[in-house]
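Below you'll find the structures, each written out as structure tokens.
Two complexes follow with chain A in common, the first pairing it with chain B and the second with chain C.
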Partner chain A sequence: MAFRLTGLKVSPNSATLEEARARVFDFFKAACRSIPSIMEIYNLHDVVTESQLRSSVASEIRKHAQVSNPKVIDLLLFKGMEELGNITEHAKQRHHIIGQYVVGGQGLVQDLSAKDQGNSDFLKKFYNSNYF
Partner chain B sequence: MASALRGALLCHLRVPVALSRSNWDPLGSVARFMSSGHDDHLTKEEVIHRVLDVVKSFPKVDPSKVTPDVHFQKDLGLDSLDSVEIVMALEEEFKLEIPDKEADKIDSCNLAIEYIHNHPLAS
Partner chain C sequence: MGLGLLPSRFSRIPANRLFLRSIVSNSHRQSPEAAAAAVPPPEPTPDLPPRTPVAGARVHFPNPDDAIEVFVDGYPVKIPKGFTVFQACEVAGVDIPRFCYHSRLSIAGNCRMCLVEVEKSPKPVASCAMPALPGMKIKTDTPLAKKAREGVMEFLLMNHPLDCPICDQGGECDLQDQSMAFGSDRGRFTEVKRSVVDKNLGPLVKTVMTRCIQCTRCVRFATEIAGVQDLGMLGRGSGEEIGTYVEKLMTSELSGNVIDICPVGALTSKPFAFKARNWELKGTESIDVTDAVGSNIRIDSRGPEVMRIIPRLNEDINEEWISDKTRFCYDGLKRQRLNDPMIRGSDGRFKAVSWHDALTVVAEIVHEVKPEEIVGIAGRLSDAESMIALKDFLNRMGSNNVWCEGNGPNPNADLRSGYIMNTGISSLEKADVFLLVGTQPRVEAAMVNARIRKTVRASNAKVGYVGPPADFNYDYEHLGTGPQTLLEIVEGRHPFFSTISNAKNPVIIVGAGLFEREDKDAVFSVVEAIAKKGNVVRPDWNGFNVLLHNAAQAAALDLGLVPESNQSIVTAKFVYLMGADDADLDKIPKDAFVVYQGHHGDRGVYRANVILPASAFSEKEGTYENTEGCTQQTLPAVPTVGDARDDWKIIRALSEVAGVRLPYDNFGAIRSRIRTVAPNLSSLDEREPATFGFSVKPESNQKMSSTPFKAAVENFYMTDSITRASKIMAQCSAQLLKK
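Moving on to the complex of A and B:
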């Protein structure tokens, strides 16, 4: 690959929660530092700002805030690094990034009228986003 | 074609050479670039202003609460991930790369202003 994010590799398991926590911050910093190049690769300057992407990465991390098992955190970190690697290697396309990280939080359909008020959980998720 | 154009251009171009001895200072600019003097550096007021702007623009922060002495977690009610996010935003604003050890210590506007003001590469 022409471009590979150096410094991101699978490391031995975290022994303590503190170590895992420090690794999460390292990962977050690595992700934040690659945001300018990601905006360049996927030509995102007209749809999103760097700080919005940063908040979106932080909210992805915060989804798992209640996890307290270091092994689980390591696994989630590995998945995060894989995702970051894929993104920085341009293994994705522009609409993946926009769908998951730009509009992902607010939902693809911005129509808030009363017609979506069904009982079906599936439909609600369907209207909301492709990415769960 | 290109060489003909180049020849035609060179025939008509005259670049005035004004190399006065007093201005010729091959090492001066390098020495200034390497020096740690604060002459062409950011002023403290500018650093304070820009740091506060970055913190105020953070979505979870109430802009009216932000002062130069504010502590990210105690006063603004942010968590540790938020303060890392602010530090990353400051890195981007001032074109810096703050090493992890220093980044962990920055937990208030005061420390951030101090660190950035003393950093030679902040711009």
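Moving on to the complex of A and C:
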């Protein structure tokens, strides 16, 4: 496997929160280092910049900012490593990367017209559904 | 009797365990012989701790001297004189099995399921029909009583078909439950079962008469509560059967209640037949909105569908009955629903659009008209939240022409005593004379009518009626048809005036149909004069009542939904119909822009330019005030249909698009807005009486016309958009209405 990252392996459980935290940073660095090759593999140069992808990875990590259990962090790290491995191994296709990390969770249809910018939170939710 | 644990004994089991735990210690457990020697023999005193009465029943002693003491399973209870053995057992917390006994019906004593043993009595006695005597020692749990029950069960099951798997009562059947608890574990029956021809009782009640156990609850309900002599017992012995004497439908507005009181599957709901099992259903405790009584109901739903509606106990409002309209209107919730915002195109056809586009169009047009040309009408099913939102929105647009349909062109919202039922529904039972002015309670508020009938039956109260010829199910005196009769009464020329003035607790009930009359103020001042002269309103008794028709009316008047001018609809350019289908839609000018916000494609939709789909009462949380001033709320039982939204949310969103944003974003905020306008609407499930009587009302100098009163409700079964969409209600109006 030509693209296999070195140093990506399942490690023993983190003993403390500090250790888990350090591992998260290691993982983020590993992900950042692989971003240029990901851009290359999936031909992403015309849709996204490297810094956008970096902040996308960072936001995925920050989604779990409130987690303080080292075991849970280890599990999430494992899932992140698996995902990163899959991406660098070209186990995914281009639209997966674009859908998940470039467009993000907001979907492809985004009403960015100027008239709705000033809407209140209530109105935005109202247009979306009756239940909020 | 392997399954012979009495349900009532479940309450005793923890107590026994406690008892055991207190005497069994570890050392005893290791050496049982020593324990037997050490523990003193159990005292002969009752092994029962004081028990709570069945279903929290409270005993009312009309005369404390008449209290007698009886012993139920050795436990002494004090009961008033005149109680039956059955009631004494209930007070003692013992639930006696029963089929024919029902606390709101007369005693028949024919099922024999409630047999108990009474000391010094040679045979077991039917406890429901036996008066309790002082010092009686009642035993509910002896081998004799158990054997008697088992025997009765065997006789009942002898002719009862074994069709529980295809019976709609399965799962909530008294016979099923009690045969599990008290019945024998084997049958000795080999002969052919009796079969009975099914009766046709109309579109609501399905009958499988072979399942009937002749408890006669339905017969007693029909004659006593519903007041129709349709059902009866025919034949004798094994040929005995329940039926209408001649081929006839059961024409009562309360007929659906026989489904609830039938202990077996003989009378079941026809629309609900084979639709669901009761354990699949999710119950939501809610409020009925088809009339102004606000009957307490439970909406049983499965997934997104309302499967049935059944009553909930509320002694102050509907006791345990509901009207047929309440019970069977639910299929209207599945038909004719509006599910997408729509705009009428130039070709006159509606086109579905997004909420964004619909609200933008409405907001643009509302700014193009002059403020005084904006009119808002709340419908008869509107909740308080949406009405205050509508009023606030129109006020911010500069208009104050907002009202609720049914309240008439010139409503009196100043004096609360002038539009609610001041006596209260349950206090009607204390009355001894009724004067009904222009109201037909049987069709306007069936539960209030049931209460009046109960009073008339119990205390022979006199009923006088002024209005068009109407159908009553109790004795009444038809005094006249129009305001002329009221004048005769107030001047003392009519004999009924002395009846009122001699009465202890007279009650006057004025129908809300009078709100639509031009000479409303004059009629009301005459009625108030009668009340004053007849001493109807005293510090200890307020007998002046207005009987409203619609669920929204009382809350609308509390919130001050009063139009600024009563001709505003004729000059309107922008009309906001919030579920209003019965307003004078013909009076709206041709060039006016009409927005219809509602849940059913009913009359209002034909005239509408824009449709905003809203949720029905079964799908939203909403506050309603009933005719006696009791605030209650509905809870969502099922999700909304399609892209519909809650009423107040639509108006809140529209206000923002129109640039006059209303300051409430959630339900709590809009409730606190209501609290500042009408504090009584924030105390749920409480009746808030009016503070001032009509004595502070200024004199009216209106001229009274001699036009006779009109009937307010033409068709009991179809009064609002939900019931008009209902197929069952259509069948009822075709078959049951007297032509």
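Note that in this section the second predicted complex is superposed on the first by the 109 of 132 C-alpha atoms of A that agree within 3 Å, B and C clash if a C-alpha of one lies under 4 Å from a C-alpha of the other, contacts with A are read in each partner's own complex, and residues count from 1 in each chain.
Quick note on the criterion: contacts are C-beta pairs under 8 Å (C-beta built on N, C-alpha and C of every residue); 3 or more make two chains touch, one makes a residue touch a chain.
No experiment lies behind these values; they were computed from the predicted model shown.
J.: For A:122, using the defined touch cut-off, is the partner it touches chain B, chain C, both, or neither? Pick first, second, both or neither.
T.: second
J.: Is it chain B or chain C that touches the larger share of residues in chain A?
T.: B
J.: Could you tell me if A:51 is touching chain B, chain C, both of them or neither one (first, second, both, neither)?
T.: In the superposed model, A:51 contacts chain B only, not chain C.
J.: If we overlay the two complexes on their shared chain A, which of chain B and chain C does A:61 touch? Say first, second, both or neither.
T.: The answer is first: A:61 touches chain B but not chain C.
J.: Determine where on chain A the residues touched by chain B overlap those touched by chain C, and list them.
T.: none
J.: Could you list, by residue number, the parts of chain A that touch chain B in their complex?
T.: Those residues of chain A that touch chain B are 25-26, 28-29, 32-33, 36, 50-51, 54-55, 58, 61-62.
J.: Quick check on the complex: what are the chain B residues that touch chain A?
T.: Spelled out, the residues of chain B in touch with chain A are 57-59, 80-82, 84-85, 88-89, 91-92, 97, 100, 103.
J.: Please name which positions on chain C make contact with chain A in the complex.
T.: Of all residues in chain C, those touching chain A are 354-356, 615, 639-640, 644-646, 649, 652-653, 656-657, 661, 665.
J.: Along chain A, where are the residues that touch chain C in the complex?
T.: Touching chain C from chain A are residues 116, 119-123, 126-127, 130-131.
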